[in-house]
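Each of the next two complexes has chain A plus one more chain, namely chain B in the first and chain C in the second.
Our next item is the complex of A and B:
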């Protein structure tokens, strides 16, 4: 259909045209728009957009808390220092990135396996789902304290289990050793989030038309090829979504570290988020400008990597079809 | 292989994961009913006899009544405000009637801010709250909480309001509804399932929030539960029994509701991820 036929169909019989003219064109209800959107936009601009802009502004200044927050312009000095000579930042960035990359690699396969198991119509499926989801409902400090106990060298559950299955020689003061502390914390987030991912994947599996799976079954596809050739490809959008959410969540990780290790031992669990807070409120520099610059850098990195990851994962999806 | 045998084999990993998932919490629950002396004698004993009085002691002598009240005030007020403000904005962003030039752009910006790391706002919020006398007040914390959860709330409710057919709105308008009465009498009641979902999602987030609380609250008398626990860990590290009781006090309100409304909770907590 080209433009002319479209326009031609506009030439309606006269009564319609007349009706069109008699109804006055509705004016935009600005009063109602302000009433519905106003309060939310006030909150949004006052407590999100304005602070974000202030942080960008602050990152070019030294802003001393002990001098009544007076501004001293320093240009790009903070950014140069962070990127070239701040070893703590690089250590923290490496830890955060490790967490953000490793966690989805553990969470997703585990959650998928569990979703498949419950999909196999096991008895008590609802009970298991309810139990696995529970850790997500507790606050990070509660989870942190529970796992401080689990990792206790003398009487914690982790070493108890190892000793019980004869691997007592591997018992470890998990959070005191710089090489095991970060993996130990990653396991805690797996404990928290796997049930959540499992529930979403299971819901997605249930929405797959039964005929697809039955057709594959009729064609003689075993459970493995049904899972890998039919179900997982169909779940791909959901999986991509969850990976990105998990990735972003771990890049922001703060609370668990703050409660369990405070970034120690020897900065083994320092994340960018904890470093920003420490730089702002615990270091004697008392400067809000420098940590603001770290926050700006991290903000750009999170956005860049999330978009990159989304495009990469979606491109792969497009190639498969 | 018979189906029964197959299913029993599949049950093995399921049970192992269940032990991993439930073990730490159940262990804490047993400790919450035992005294610290009993725990140090044997860390994995059953709570016999159960010391229910510990909950009363924690509540009255360790300040949990105050912390609980603070958490209830913050989470309750914030969730009420965000539900009303968020539903109104979700409606305003959803309906064709309220379209204006920059509306879609505004909405895209709102949507992108779901991804913002809190660090990009928290230091300047600290500065702003001090400037306006809201630092170290529950009011300041409530305002920040509402703002940080608004984007996801508006996003979810907008999706719901956008599905409501245009005819319904026109019919109500012919019956003499203004925009305001249409929203409260027709649209908001229809959106109850979606509103309940965001209500639960936000309430749990507010009840458990830690990062903003730890920066914006330094007075002991207005600490929320997550904050109080962080301080109690360092102050009474030795008193495991009492700490375990405190952990239960902080978690039980949400967990008991979850027991009765688990489907709603799961729906609420996963809503953001499924559509995002």
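Our next item is the complex of A and C:
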């Protein structure tokens, strides 16, 4: 029944004739909302938002720890110095960007392959799923120590395997050479995170309706066609999200480098994060302003690149099934 | 009346708190490095015991941290103005703490029981340029070159009577080691920024002499000085001969000790004389085997050098007091407990490492007396230069130190740069960061 049908009705009192009926909106329980969200928001503001704001503020100052946190406003001085004359920053930025670009190019295809293998019900699938996922459960320091042993020239597994298969001449001190050190670290993060990507992709594959795949099979599509023309396109949103997360994670890489190489040899694995920590806490200067400026610049770069990557990779129309 | 009653309650409360404090005393917080060095810890606990006996009612809570984690924590705590201990381990890794005013003036301790050079080492400009001794140097360490007597014997390497190889003899010794499949030096640079600095710094010292090395470190002498170039080129020849193990970059300091004395894969070990703190502990705790034949050399002498017979010495592990803590007087008394010849004797006897505290050598009772005697015999004519490799950082700007470490702890020993490229980088840094 609507307002029209009510007009002239004997069931309603006269004042309601010709009037629109509006259902009153329920009142939001702001008190309860504030009570439940408040603590989390306070925590988020105190430990996430506030430090970011303070970092931005510090980046425009020389901040002397030894003088009781004295602030001296210097405007854009730090930014100009970093962008025009800090060779170490640019070296670190290059390393971080290389890592962020190369790692997803290896992680995604590998994770997709493993997801397909598990989806195809290879023998001992549950065992392999656990094994491939387990590296993600380890912390960076533990992983770093393990891989220091793996890369040990004398008795590390990498060189032992090479020697065992007759490729002893390729045995290297992998972390001693800038040419091999960064790829060696990229391999470590691939080992750590491929399992995570695999699990997400496997879940996404399982959500694809079987009818699509069966229809393709009926139409004569082989396994490769089904994979590349049906499944992967339908997985695109998931893949894009994983690539962006992987990209951002590698741009912020710190702990693994700190444990394994501390940015060496000769800045071959220096990342922006390790450089910021060294400038802030290991140099004789007690100024936090300069490293804050590095952190701000890097934040802007990561934000900009992530935004651009998202716009470039994501489709405007959503796929629904 | 009401305010009188309140006043009375407050006064009684204050009295109760004061009495309780007096009754129960103070618990001083003391942070130290050396978590895995039992011999040094023994001495610290002895100091703690003596302090508590002399100051009844007051106790000491001694906590051990790795210094790499402790110094950033201290920096944050001092900046925040809270959370710092009363007494803390201090050394030249963080020279900026002194002008920052984070160390208390220790003029009042018993300096008559401390070596004058130890007091002079930490007497530096503090906040506002004030000169005072800011820390007590317990550990004094020289940069030494140990060797494996058994390997030298097997390889036919003869150590000269004065313990110092000439340039050619040193190269010959290294050649014999590497040809036999050993590394010349058991150096690991994975977790420290200075192990790779020892050999080139030793060569620079015997070539330039102490005064010119100090000028070089301070940036007053060019890295392109012909003598420096000669040293770097000679050093690169040693590296090219395979002087360093290929595991150098992934080997930690602790592992390098084992590499030298347990695995015996290297002929020599350039390291601080605090080697003994890690070596003379039970084997199951990483100490050297009883049958290991440890020898000690003097620095190889560069041709026509000014520094023959010289060695680096510096002060390492020291203790300082936080000036803004609530118990400065008691904390200073705790540090003062170190300033005692008996503690100096105990330190030397237990660890085999030199100390900034005065010692009475005949009274030193030690299970490693043989080592102490060997050390004194090899160094009887040594002219000590009061700057150790780890202490170069005190005299270099941070940017310069970074380049120095990058080139000499990583670049040159891993053959990533030539000698001339290394010199170019160092000179460019010297001019840029003057």
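To be clear about the criterion, the second predicted complex is superposed on the first by the 284 of 321 C-alpha atoms of A that agree within 3 Å, B and C clash if a C-alpha of one lies under 4 Å from a C-alpha of the other, contacts with A are read in each partner's own complex, and residues count from 1 in each chain.
Throughout what follows, contacts are C-beta pairs under 8 Å (C-beta built on N, C-alpha and C of every residue); 3 or more make two chains touch, one makes a residue touch a chain.
These numbers come from a predicted model, not from an experiment.
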Requested in this report: In the overlay, answer first, second, both or neither for which of chain B and chain C A:237 touches.
Outcome: neither
Check: Just chain B (first), just chain C (second), both, or neither: which does A:304 touch?
Finding: neither
Looking at A:54 after the superposition, I want to know if it touches chain B, chain C, both of them or none. Which is it: first, second, both, neither?
first
Chosen between chain B and chain C, the partner touching more chain A residues is B
For this session: Identify the partner contact of A:148: answer first if only chain B is touched, second if only chain C is, both if each is, neither if none is.
Result: both
Original post:
Which holds for A:285: it touches chain B only (first), chain C only (second), both, or neither?
Top reply: second
Exercise. Is A:264 in contact with chain B, with chain C, with both, or with neither (first, second, both, neither)?
Worked result: second
On chain A, the footprints of chain B and chain C overlap at residues 69, 148, 281
Touching chain A in the complex, chain B uses residues 7, 10-11, 13-14, 17-18, 20-25, 27-28, 43-44, 85-86, 88-89, 91-93, 97-98, 100, 106, 109-110, 113, 115-128, 130, 143-144, 146-148, 150-151, 154, 179-180, 183, 204, 207-211, 214-215, 225-227, 229-230, 233, 240, 243, 247, 250-251, 254-255, 258, 262, 265-266, 269-270, 273-274, 276
Per the touch rule, the chain A residues reaching chain C in their complex are 65-66, 68-69, 88, 148, 151-154, 156, 173, 175-178, 261-262, 264-267, 278, 281-286
So, in the complex, the side of chain A touching chain B is made of residues 26, 28-29, 32-33, 35-37, 39-41, 43-44, 46-52, 54-55, 58, 63, 69, 110, 113-114, 117-118, 120, 122-123, 128-142, 144-150, 155, 157, 160, 191, 194-196, 199-200, 203, 238, 241-242, 245, 248, 251-252, 254-255, 258-259, 272-273, 276-277, 280-281, 288, 291-292, 294-296, 298-299, 302-303, 306
Chain A partner, complex, touching residues on chain C are 71-72, 75, 78-79, 81, 94-96, 99-102, 127, 189-191, 193, 245-251, 265, 393, 397-399, 401-402, 406-407, 409-411, 414, 416-417
